[in-house]
Each structure stands twice: as structure tokens, then as C-alpha cells.
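There are structures below to look over.
In the two complexes below, chain A is the common chain; its partner is chain B in one and chain C in the other.
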Partner chain A sequence: MERILRVEDLNVTYGESTRALRKVNFDLFQGEIVGIVGESGSGKSTLGLAIASLLALNKKVKFSGKVNVNGVDILNASEEQLYRIRGTGIFVIFQDPFQSLDPLVSIEDHLSEAYAISSDRNNVKVNPEQIRKAVITALKKVNFTNPEVILKKYPHELSGGQNQRIMIAMAILEKPKLLVADEPTTALDVTTQAQVLTLLKKIVKEEDMSLLFITHDLAVASMLCDRIIVLYDGLIQEIGSVKETISDPLHPYTKGLINSIPNESKKEGRLKFIKGMYIHNEVIDGCPFYPRCDSRKDECIKGIPSLIETRGRKVRCIIYGVEYERSDTTAK
Partner chain B sequence: MVLNTNDPILRLNNISKSYTGGGRRFLGFTQGGKKIVALEKVSLEIMKGETLVLLGESGSGKTTVAKMITGLELPDSGEIIFKQSKLTSRNRNSLARGKIQMVFQDAASSLDPYYTVFQCVSEPLFKSKDTIEKKVDKVLRALENVGLDESYLERNVKELSGGQKQRIAIARAIISDPDIIVFDEATSSLDVSIQAQVLNILVDIQEKYNFTYVFITHDFNVAKFMADRVCIIYYGRILEIGPSEIVLSDPKHPYSILLKNASPMIGKEYEDIDVMSPDEVYVGDSKLGYCLFYNRCRNRMEKCLQSEPPLFKLKNREVACFLYENK
Partner chain C sequence: MALSTTWAFLKRMMRNPYSAIGTVIMILFFGWAIIEGILRYLGPALGFSNAGYLLLPYNPFSFNLSQSLVSPSLSHLFGTDSLGRDLFSRVLYSIPIDAAISVIVVGGGIVVGGVVGLTAGYYGKGVDQVNMRVTDLFLAFPALVLAMVIEYTIGRSILYATISLIVVWWPVYARLFRSEALRIKNMRFVDSAILSGLSRMQVIRRHFVRPALNTIMSYATVDLGNVILTYSILSFLGLGIPPPEPELGSMVSDGLSYFPQNWWWAILPGVVIVLIVVGAALFGDGVRDYLAGE
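Coming up: the complex of A and B.
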């Protein structure tokens, strides 16, 4: 399988001290859907921005490490390289479609431009008729039964679910290798969410893209993804196939997260919960989950446990072997 | 364990409520200057000591029901009966003050950020003749019930996390010893591990004090955990109502079935999700006299266009769908 994305030792800090990501390492392969799961503040969006090469827009951000998309080192790329990779190499769908859609530009113009750009970058000449045909085909693929009507509309005339489908149509037209979606359905109703996600999965497989799907909702990730990466306080705690991760979670945090999702009636007993709460920027030497963990030991705070391989999966917990990261985990 | 007595503690009789839309969005569409029917002749009984869950998507009218129950707004027509007495704007204060409390999704907006925890939680007692010692005592007891200790008393609300603020809002809701507490998406913005803590607290204090809960959510899993009875609403109508173990495990209304299939569940796969998007089937004026789910329904019949299905009584539940007319 071709590797589309490799993230190596990525560290990100905001300002002087707000750590957002630490020692993040993972790969994503052609055709895969990988979920980034974690509660608020765990660093999910920061990871999405880093991969989309949008981090440097924030002047207060400091980062180190490598993000390699299709052979280009995003964090150290030139403006010219970034220009070529944005959209057609990596395409981002945000929770709020208006981060990408211009309210003053019609749906037709948005989609036509997307197709024109990708054709241009592939050095293919296209005429207006071909563009229109491609645009209509894309709209049909995202289940608009009346593409001609939708083309004339402006983003503010469409619903949240419709605009997310327009974003997916844009992705179809730009043909990126890698799609990054940051909570794309979090603002939608569940029935709309189900439709958008069913569609997203189908399109990713059909168009042979790869998807990094960022969500706070482990249930949603489990329904969509091939693999799951669990983040806590900027550290990857566990990586594994969805099946193994949800049926046999390794990390105590992953276990707690799964147990916290209600699935029975209160008459069957109380919810198993994770005690305490995540305190942002709390100074903990060692495992950040230590204060909330039911399986904690003194070894947990002798250093940050390493992400170790076990049974073909990866987990950052000393239950599976006492090994620590080297202490240098702050961004320069 | 406290059981439901068979007495309704609160009844909504034929409550209707409309708004004039000033560019509000409903299922994503802007309805400007138009009459929006938020509730259409809704009747509900809430039994003492039970948790009635209102489950529905955004714009279905859940918050409007909450506003009617708590008296934040008045219905256009219909009546609200609390413990045998009809509530009017005039008598509500004397009959129901402190007895019907509400907890909002965004506690931060309902709590004054510059108040201390003590000021916030004791606020509903402002007219009581309790001594300050008595008030402190009550506040401490309320805080203890939501898992917070006395170290919180003098802290400012603005320094607290989302989960802690939500606990403060609950402590404040229980301090006046209410009969009914309405929770409007009270845990929806919390991280799931914190939500689990708060839901457990709610169940515990209900058992302890025999509170009656009206619990509003759009989350199927949360509904399943909290509900004794569940009421599924859509476009201001009740589509299905009954005991939660029956309605949620084996929903009957085609919309209830869609809602169940569309709800994320760990390890499940989406099944039977229509390709047709709900937001393409705009119903507009929702007083058209036909089934409002018609456009999205795969069981639709000619009949569904001719009149709006009333709630049909089945053995253990009621369903507003002609499929169940003669069952």
C-alpha cells in the first residue's frame, strides 16, 4: 500500500507554554480512513491544521517535526510547493463550511473553480462545457437530485448538510490524495449526519482518496473509520484498527471513553465514568492521564511512557512495558 | 427506588405556540416574517417521579415545550395544569415558584460569571426567611449532591470548567426543593466522560429526592439511559410516546425508526439511511393538514396527504401514523 501521509515527532505549542501536540508519530495509507479521536483540547484540530499546512498562519505557534504528504515536507515547504499541494493534494473540510465557502460566490462558481484548478495543475485543458459536465456529475455523486437548481444557489441559501455535501463535491473535483475533515458533521442533526457520513465513506472509497477524520465522538469514528488514533493532552495514547480498539481497548483512557458512552438504561446500573477532569496545561511529569486513571502506579510519573508496540497495535501505557520517551518533547 | 404514582404532576392540554420568524433557520432554511408553528396542539402528562425524555432534532419544538412548562413564555392556546391547578400568568408565581426549575445547555449563559458559587446556588432562596447559616447549610448540601465540596463556595463561576458550571446549575435547580426539573440539552456540550459523571448525579439525586424530570435531548443513547418514558417530537408534533424500553428498542413510527438507525452507536454500521436529504424536502408552513413526515417517509400512503394522523393508541404506546390506525 502506498503511504500518503507520515507524521514524525510532531510537537506544537501555542504562545510560550500551551502545549497542543507532543511526539506525534503515525502513517496513513492510500484508501484508508483514519479517525483522530479525543475530548476537547486534546489537540485534534491542531493536528488537522498542521497536516493542512495552515499552522504557520498563526504567528504565535511553534512547531517541530515532519509532516510528509505525498513526498512533500509540509512544515518546511516553500510557498510554491504549498500552493500546489493545497486543494489538489490535501483538501480540508471544516465543521463550519463557511470557513471555505464564500457567501458571495455561487455554488456553480465554487465548483467550476475547483475543477478548473485541478485541471490546470494536472496540465489538462478544459472548456466550459467540460467543466459544467464535471460539476453536474459531482453534484449527482453527492446525491443532489436537482443539480441545475443547486448550481444557481449561494451557500447561505443551503442548509448545513447541503453545504457539507457541496464541500464533498468540491473534493471530488479537486481529486486530492488526502482529505482532512475536522468535525464535519458535529453541527448537523443526526439524520443529516448519517447521510453525510455514509456519503463521505462511499466517495472516499470510490474516488480512491484517503481520509483523516477528526471527531470528539468515538461512536461516529467507530462507524466510519478503518483505524483509530486516540489523543489525550496532545499525546497519542493508542493506535489500532477500529475493530480491535473498540472490542479490546488497551489504554485505560480508551476504555474509559468507551464506557462513558451510554448504551443501556439507568435501570441496568450507573454509567462507568472517568473520574476527575482534564485540566488544561496541568503540569504532570509523566502520563497526563495519571490523575484520572484507575490503574495508575508510581512508574506512570517517572517519565512520559513510550508509545510501544504490542500485539501489532500501539499504546502509550506502562501496563504494556515500562519504557519512557526521552524528556525533550517541547517544540522549538 | 421511588415509583411513579399514577398521578400526573403536570399536564399540557392542547398547547399551541407559534412564532413570527424574523429570519430564523429551521432545518437550515430561513423563514422570514412567516408564522412558524413551534408546537401544534401538544398534550402531555408528566407523572410524579418519572423521567420523561423529549427526543427530537433541532427545531422540532423541544425548547418551546420547556418554555411552556417553566413559564418562560406563554402558550397561544391550551392549558397547563400543575398538581390539579391551572397555571395562569397571574397565579404561576404563587403556585409554582421554585417548584419548577430549569437547567440549560449552556450553564455559562444562565449563571452570572462574576457571582461566587454561593451567590449563584443560593439565588433561588433570595425571598426565603432562612438565616444565612441555614442558607450556607442548604448550599453545602446541594453542592454535596452534585459532587462538589465547600472549597467551591467562594470561587467565581467564571473560573470553573464547563462540567463544574453544569453542576452548579444543577445545585441551584435543586436548592428550592422543586417538584419538576426541566433539563434542556443540559449535558450536550460536555465531553463524554464528564457527561457520564453528570448523568449519574442526575439519576442519584432523583432517586434520593423523588424529583420529576423532563429531560430534553437529541442524543438517542442519552435518551435510552435517562428515560422512563420517551416522547419523540417532530415539527411541533408528538409522533410517538411510550415507555422507553419499548419505544427505543422497537420504534414504530417511521421517523422514530430513522432516528434510531441514524444515531451513532459504537461498533454499529449505518443501515437504511436514505440518500434523500431531509433538507431538500422543505415542508414550509407546517399547518398544512397532512403528515409532516410524508416527504421523507418510505411507508407513505395516499391517505397521509389527506389529513394529519392523530396519535393512535397501541398497547403500550401512542403513534401518530396511519400504519397503526387499526392496530
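Coming up: the complex of A and C.
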């Protein structure tokens, strides 16, 4: 299988002390849907921005490591290389659909622009009629029954769900190898959420893209993804296939997450929560989940546990072997 | 679509008495400027050499010494000057030039300031430093003095007056556009635009210009009046169009030597200047409220 994305030893620090990501390593293959799951503040969006090459726009940010998309080292690429990879290589759907579209630009102009750019990058000449045809086809693919009407509209005249479908249509027109969706349904109401998720999955398969799906909601991720990466305080805690991760979670944090998913069949009176508050960057020289962990031991804070392979999966917990990362885990 | 938007805009402007006054003054000012401007420049081309005087009560250039220094009356609304020229006709005749200068100078300021300010705010770093230091340099001199010096140096004509005004006018717009760029830069849709593969220049052109203009529009409308005031001061100081072309500012300065006996000569053109400036300010306030309500 072709590898679309490889993240190697990615460290990201905001300002002087906020370690948003630490030693992040993973791959994503052609056609795969990988979920990044973690609580708010765990570094999910930062990961999305790093992969989308948008981190460098922030002056206060420091990063090290490698992010390789389609053979281009994003973090160290020239402006020219980035220019080429954007517009065909990678596209991002952000959380707030109203903010992702320019309020003063019509839907038609947004979509036409996307198609014109991707055609240009692929050295295909297109005329206005072809653009319009492609745009209408894309709108139909994202379930708009009246594309001509929608084209004339502006983002504020559409609902959140509709705008998010416009973003998906933009992705179709851009035909990126890698699509990143950062909590694309969090701002939507529950029924719309389900529609958009189903649509997203269908489009990714149909258009042969790979998807990195970022969410705080393990239940949503398990519906959509092939593999799941659990992130806690900027550290990957567990990587595994959805099936194995859900039925047999390895990390105590993942276990807690799964227990807190409301389960109709269990008919429990109330939801379970992971005890304790999530405190970001609490100064612990060890496993960041230690303060909230049921199975904690003294070994947990002798250093940051390594991400180790066990039963063909990966987990960062000393239960599966006492190994520690070397201490250079923060970005320089 | 555009027509119904215009209509809705006018209806909104009429709801508040201040913006209504501003709107009426601006419509009269620019409406007249366009009509008179068309007659003056298109008439001769079509063989009507005197079309520019068609709607004026009197020929603004013709002397009538028997009618010199006549005080305002129904036949001479603004009275006459020492050569017996009808001042109302001369005021009306001067308006298209003022309207054109105000629009060209504000437009020029927006274009130059827009390029300088948007690139400074968007690129940041070195570009920002260079652009804004140059802007500060221009802002360090009082606009009027700088415009006078420039026109003194390059020569006295309407074209040079306009150029001098643009030279002193753009820096304020550069600052406004820069702060707009800093605001827009943080918007998600800019990230989306970058990701969809637009080059940096394209991102600025397609996604910065319109929102920035939207914000700057109300300032620019008020600013039309400022240009007219400054240009009137230039012409008051003898740096406008050379005589005998009528000019609001030069009428005021010529009339001053006859003040206070023949007060109308200086005062009434001056009142017209004030009306236009106030009208632009009220109109601009209305535009701001309208855009805020959008």
C-alpha cells in the first residue's frame, strides 16, 4: 500500500512552555481513514495544522521532526514546494464551517476557484462551462438537490451542515491525496452530524482519498475510522485498528474513554466519567495520565513511558513493558 | 439585485435624520457633478461647444461690469464678483472638478495604501518593516504642507494638485489596510484559501481586498469631504487650477479682499465647502451604521 503521510518525531511547542505535541510518530496509507482521538487541549488541532503546513504561519510556535506528505517534507519545504502540494496534495475541513468560507465570496466562486486551481496544478486546461459542470456535479455528490440555487448563495445564507457539505464539495474538486477533517461535525446538531459523517465517509471512499479524522468523540471515530490514534497531552498513548481498540483497549486512558461512551445495551443509570480533571501540561516528569490513572505505579513517573509494540499494536504504558523515552522530548 | 440593494440602502439612510441630510447633500453634489461633467466634456465632442453652460443661470466666465459686486438676489443667488460674474454659476461650474478630485484622491489613496498596507500586514516581518517605515516617513509631515511643497516643486496644475494630494493621502490608508490585514489574516477562511492552493498574492487579492474595503468604506466616504477641504485650501493659497477657471477655494480667497462689504463673495462659496464636508461626514456615519447592521 502506498504511504500518503508519515509523521516522525514531531514536537511542537507554543511560546516558551506549552508542549502541544511530543514525539508523535505514525503513518497513514492510501485509502485509509485514521482517527485522532483526544480531549480538548490534547494537541489534535496542532497536529492537523502541522500536517497542513499551516504551523509556520504562527510566529510563536517552535517545531521539530518530520511530516512527510506525498514525499514532501512539509515542515522543511520551500514556499514553492508547499505551493505545489496545496491544491492537490492536501486539504483541510475545519471545525467551524462559517469561518472556513469567506463571507463575501459566493459559493460558486469558492467552488470554481478550487476546481480551477486543481486543474491548473494537474496541467489541465478548463473553460468556464467545464468548471461550472464540475462544480454542479460536486454539489450533487454532497447531496444538494438544487445546485443552481446553492451556487448563487453566500455562506451566511446556508446552515452549518450545508456549509460543511460545501467544504466537502471543495475537497472533491481539489481531489487531494490526503484530507484532514478537524472536528468537522462538532459545531453541528446531532442529526446533521450523522448525515455529514456518512457523507464524508462515502466521499472519501468514492474519490479515493485518505482521511485523517480529528475528534474528541471516540464513538464518532469508531463509526468512521479504520485505525485510531489516542492522544493525551501531546503524546500518542495508543495506536490500533478500530475493532481491537474498542473491543480490547490497552491503555488505561483508552479504557476510561470507552467506558464513558453511553451504551444503550448496558442500560446503566448514568454515564461513567474518567475521574479527575484534565490538566494540560501539568508538570509531571512521566506519564501525563498518572494523576487520573487507576492502575498507576511508581514506575509511571520515572520517565515518559515509550510507545511500545505489543500484540501487533502500539501503546505507551508501563503495564506492557517498563521502557522510557529519552528525555529530549521537547521541541528545541 | 444591485438596484434593490441600492434601494434598501437608501431607505435605511433615510431613516436617521442626520444620515438623511448627508445622503441628500451627497446625491445633489455627485448628481450635479455627473450631469454637469457629462455636458461639459461630452457636449463639445458632439458639436455643442457650450453644453457646459446649458444648465447654469449665467455663463460663469463672461464679464458684466455693469453688474459687478451685486449682492445676492433672485437673479444672482450668490451675488456677483468684481467682474460681474455670477457666483452661483461659478460655484456650480466648479463642482465637477471637486467631485472628481475627491474621488480620484481617495481612490488613489485606497489603491496605493491598500497595496502597501495589505502586503505589510499579510507578509509581516521585513515587508512590514519597510512598508510601515516609509508610511511613517510620509505621515511625519503635515499633509497640507507636504502637498504644497510637492506642488510648488513639480508645478501648478490640476493634475499636479491631484498627484500631490494622493502622495499625502495614501499613508493613512496604508495604516488602515495593514490593521485590516492583521485582522483578516487570523480568519480560518484564509487558511482554507492557502490550502486550496492560491498563491500569497492571490490570497490577498481574493480574500483580503473585499473585507478590508468593506471596513474602510465608511472612513473613505467621510474622507471625500476632507479631500475637498484640503483641495480648497490649496486653491485658496493659489495652488489650484489657474484662473479664470472657478474654484471654491480661490473664490473664497479672492472674495476676502472685498470682505466684509461684499461678504457674499467669500462667504457663500465657503458655505458650500462646509456643506459638502459636513454632508460627507454625515453620509459616512450612515454608511458605517449600515455596514455594521449588515
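The rule is simple: the second predicted complex is superposed on the first by the 320 of 332 C-alpha atoms of A that agree within 3 Å, B and C clash if a C-alpha of one lies under 4 Å from a C-alpha of the other, contacts with A are read in each partner's own complex, and residues count from 1 in each chain.
FYI, a residue touches a chain if its C-beta (ideal position, glycine included) is under 8 Å from a C-beta of that chain, and two chains touch if they have at least 3 such contacts.
Here the structure is a predicted model, which is why all the values come from computation and not from measurement.
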item	value
Combined model on chain A where chain B meets chain C, clash or fit	fit
Which of chain B and chain C A:R326 touches, first, second, both or neither	neither
Partner chain in contact with A:K60 - chain B first, chain C second, else both or neither	neither
Which superposed partner A:L101 touches (first chain B, second chain C, both, neither)	second
First, second, both or neither for A:Y83, with chain B first and chain C second	second
First, second, both or neither for A:K125, with chain B first and chain C second	neither
Which superposed partner A:N143 touches (first chain B, second chain C, both, neither)	first
Chain touching more of chain A, residue-wise (chain B, chain C)	B
First (chain B), second (chain C), both or neither touched by A:Q162	first
Superposition-derived minimum Cα distance between chain C and chain B (Å)	10
Intersection of chain A interface sets (partners chain B, chain C)	none
Chain B residues within the chain A interface of the complex	27-29, 57-58, 161, 163-164, 191-197, 199-200, 203-204, 218, 220-222, 224-227, 244-245, 258-259, 261-270, 273-280
Sites on chain A touched by chain B in the complex	39-40, 143-146, 158-162, 165, 189-195, 197-198, 216-220, 222-223, 246-247, 256-266, 270-275, 277-278
Parts of chain C lying in touch with chain A, wherever the complex brings them together	124, 187-189, 191-199, 206-207, 210-211, 214
Parts of chain A lying in touch with chain C, wherever the complex brings them together	52, 54, 57, 59, 83, 86-88, 90-92, 94, 96, 99-105, 113-114, 117-118, 121, 167, 170, 174
